[in-house]
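Each of the next two complexes has chain A plus one more chain, namely chain B in the first and chain C in the second.
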Partner chain A sequence: MAALLRGVRAGRALRGLSSVVAAPTATTPQCSSLSRGFHRAAPRLQDDFKSDKPPPSSSSTTFHEHYQAHSAEQDNTATASHEGAAAEQASRPNTSYQDQSGEQGEEYETEEQLQARILTAALEFVPLHGWSMEAIASGAETLGLSSASTGMFNNGAGDLVLHFITQCNSQLTEILAEQHKQVQLGQAESKATADFLRDAVETRLRMYIPYIESWPQAMSILLLPHNIPDSLKHLSTLVDDIWYYAGDRSTDMNWYTKRAALTGIYNTTELVMLQDSSPDFEDTWNFLDNRIQDVVNMASTAKQVQSTGEAVVQGLMGAAFTLKNLTGLNQRR
Partner chain B sequence: MSASMRLLVRRAIRLSDTNIQISAAARAAARAAARSSSCRCFSDAAEDRSTHFGFETVPETEKAKRVYKVFENVAQRYDIMNDAMSLGIHRVWKDMLLHAMHPQPGVRLLDVAGGTGDISFRFLEYVRSQQERQRRRAARSMQTPSWQDISNNYSTEDEDGPLESRAVVCDINKEMLKVGKQKADSMGISTGLSWVVGDAEELPFDDDQFDIYTIAFGIRNVTHIDQALREALRVLKPGGRFMCLEFSKVTNPVLARLYDAYSFQMIPVLGEVIAGDWKSYQYLVESIRKFPDQEEFTGMIEDAGFYCVQYRNLTGGVVALHSGFKL
Partner chain C sequence: MQRAAHTAVCVVAPAMIRRCLKCRVPLQVNSRAYSVVPTPRDSEEKDMLDRILRVDHAGEYGANRIYAGQMAVLGRSRTGPLIQQMWDQEKKHLQKFNEILAENRVRPTALLPFWNVAGFVLGASTALLGKEGAMACTVAVEESISEHYNSQIRALMEKDPERYTELLQVIKEFRDEEMEHHDTGLEHDAETVPGYWLLKNAIQLGCRAAIYVSERV
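And then the complex of A and B:
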């Protein structure tokens, strides 16, 4: 059976080779049609990955190693495809058991990872096409996939926006973790809570700057009913992460009030940023400063109110007691 | 070469005037045709294997011929019968296929077992209306175009070439293609459409040619479904999509009983009255029952090498829309 399959594959390879000769526009090495993994994705992705922006999420950093190790194999298959009978010979290591297990570890990626890669590639087309299926189609095409692969994304533009949000959140978490490590190692000093919050929110909102033109469209997509659960989840994890790295370990009502306060600050600042036209969004950062100051003031005001309230209550109790004395109600007969 | 052999076999059968007894010469020719035909995997024992033709059991080699005859007989009245049997709902099913497909401008479609071309016509219309909408949106956003923009527009109007979507209708049956071509002519669609005779188990196309492969209500007539699926994988580009619209198992038991009654009592009668052919429609109805159910077919598609395979039940499971990607 395996021999038959190999025969079939050889037949296909030979036919494929003839089509390569006839149609030199085919970019994938024909040998890749023999193995069933994402083998053919490798040569394309080599170039794409090198020119990619700093890898945003941890899954794509693991890719980097995989494809580095894969370059040797790629050369192997590329040269193999140009020889006729030798194609089978050179490819046989691909089908042998020993190499297949190693190959599987390196080159197979899950469907989710491929989808993440397509969406990341699609982000650079967002300024042109907006947050839409056309952007995803263009992204798929840069990876060498047909635009029909956009059918994988049932939520369409929502998938793209949510992927971007997830990417930004994980970038922020990395930055905050790095800062935290620096503080722990004693290479930097820890910031006051207000400053920390301000810096974290500013860093996070700056990630929107390249897409600020189309961001209103993205926000409206996030507000669609079927996207609301996901967008709320991402927002709450974002706020929770920021507070965690700010050092909050509260376990009482403060946990809720702090997160609610920061959510309000974040959302309002985002809205201000949308219509801000000052250079480098200065107005937005000033607004952010003021809101954080408000919250800090609110906290101290709350304490003051509480102590004042207590004092007032005590005063009133004293006055009532004096009155009772004066009117003689307090005397015991 | 194999096509000409098959043609010889068919003529031999027609001359012998029976569809049950095959003469020795025809059988020898059939055996030779089987060897050179698409049944590569089962080279020697092909004529001994049998498969289902509706509720009958027939040798594998014979099934293709009998299916050919069925569709040859019904070709002229195919569309009318579709409307009558499904009460027009088949149009909705095909529209839903197009909506799920959501083709981007510039994709190439291969419509296998496309016969009278329903899917291809809808595809061309969809893409053209999308392009219209895009053009209108672009025009609207440029309310006061500068001279530069206007001159650019004039030059890009002829540039429909790179964004031209093309559909290829492939069918094993020439009669069905003939009817389809007549329809295209009457609808005035000429550009972007090709008609090719071909067997789903052995497509006459090179590898990596098409973005989307559809087969609507055709795959249950194919003798070796896994072969057809492998061919689909072959001709699709990386990232290409396989979509299959096919009758499937009804999930609701009440609906299932009604559906069975309707299928076996009404449809052959309609076939006799409208198209004058009871047997063909009896075959059609029986072949639906013989087709694997949604989950099994999903497994077959995955085995052929497709990823992200999903299905959607339409009309309560009467029709299932399967979709897979070549990644």
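And then the complex of A and C:
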């Protein structure tokens, strides 16, 4: 499962990479080889692509200069398909299992990437077949594979639902990161926390609208015992991401209470959405507004209670002290 | 050529950063030039760093509360200023770890309220045994913490000293200050408290259990 999800990430990353780099490839093959060389410099296929970018490239320029000679021959293949990055890695001195599997050339992709592609294609058939193996089989067929390739998916419909959830979460994270960047560049105003949460949850739930008819089936699949750990993990990463971009940097119990509150809001709003028949789900968004207001009110009430409590305690201490003075207990003889 | 590489990276980087999916690696949206903890390469490293930072944060939080308990009892005595000084250094440590945790999106331990109360009670009850009791508690706790920091330093050095230089620097600095507190405690007659051996070992056992639990919960 973890491998599948890593593959989903990797697959998407590579596809995104190819779409970005495809443009400069035509005009500056040098540039693409450098960037490909740079990517190859990352020791591992999956996460390094994303996580090694921010650190200064000075540490990897030595790598990419070294690999540039290597890549020059392989640049001749016109396709900028970076699913071939896996094969490029196979050309490096270290022996990875991909190298030894015998698959070479630019078109090679890992099993996880293939699964991700099939599941993404299968999503179109969900309104027709529901969240089931038939949808996955139809998806495989549109990619030109036989429907027997559904044998790859041990978890069946669960795989499809989890893949969809992962996709939605990453889309949301992209949107939030983009907004965050806009705010940091000063091109947009930062929103109040309640508004930010409302917008984030609304954006995320709107991604379910195309599949809303069959969403109850998906939710029941997620509640199957063997899917619960994964669905909880996705939910917790979703909520953590939303709070992070909302600006939460707490390192005490607030970390837990905030996430618990948002999880409650998200789950109840999702359930309301399933029953909602108003135009454009207005009732759902109103419900969401009210729940967020509740939480905000509760937070401010808690603060008020705390400060009232402190004031009362101080008052009592003052009264006790006065009493002691009056009765003469405070004097030292 | 390097600039071309850099621009190629810049073109691709934002898309790549955003496509960092549920792998729980923090998105470097702040991209500060200097940060104490390097970006984890994979979820295994992230888990390891999370555990280290979580338990260190819990430790400093607990130490803070212990000194608060001691001050509550001995604050107005002669040892007050000394304890206050050590407490201020612990506050600085806690602040540093708060920053690191927030920056790296590390989950704080769920047992913080428990350490809050337990630390205060430990500090206050040992302080009730007098100045020597408070110093004995300090010696025991600081020794535990120093040992713990040392083992973390060893672990990080074994893995990759260059990658973790800043983090190692921070931990070493804090470990040195904890050792100072330990030595201060010894100087101020910690060993003269009755039942020193028992008290010290009981506290250290508690600390070890706390460290074990805070790494995981």
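Remarks
In this text, the second predicted complex is superposed on the first by the 205 of 333 C-alpha atoms of A that agree within 3 Å, B and C clash if a C-alpha of one lies under 4 Å from a C-alpha of the other, contacts with A are read in each partner's own complex, and residues count from 1 in each chain.
Convention: a contact is a pair of C-beta atoms (placed from the backbone, for glycine too) under 8 Å apart; a residue touches a chain by one contact, two chains touch by 3 or more.
Since this is a predicted model, take the numbers as computed values, not measurements.
Of the two partners chain B and chain C, more residues of chain A are touched by C. When the two complexes are overlaid on their common chain A, residue A:Glu111 makes contact with chain B while staying clear of chain C. In the superposition on chain A, contact of A:Met133 is made with chain B only, not with chain C. In the superposition on chain A, contact of A:Gly151 is made with chain B only, not with chain C. By the touch criterion stated above, A:Gln275 is placed in contact with neither chain B nor chain C. Of the two partner chains, neither chain B nor chain C is touched by A:Thr327. Put simply, chain A uses residues 8, 12, 16, 28, 38 to touch chain B in one complex and chain C in the other. The touching residues of chain C, when paired with chain A in their complex, are 1-2, 4-9, 11-25, 27-29, 31, 38-43, 57, 97-98, 101-102, 105, 107-108, 110, 112-113. Contact residues on chain A toward chain C in their complex (touch as defined above): 5-6, 8-9, 12-13, 16-17, 20-21, 24, 28, 30-32, 34-35, 38, 43-44, 46-55, 57, 61, 64-65, 166, 169-170, 173-174, 177-178, 180-181, 184, 233-234, 237, 240, 244, 249-253, 255-256. The touching residues of chain B, when paired with chain A in their complex, are 40-41, 100-104, 106-107, 206-208, 211-212, 234, 236-241, 305, 307-308, 323, 325, 327. Within the complex, the chain A residues that touch chain B are 4, 8, 11-12, 15-16, 19, 22-23, 26, 28, 33, 36, 38, 40-41, 111, 114, 133-134, 137, 140, 143-152.
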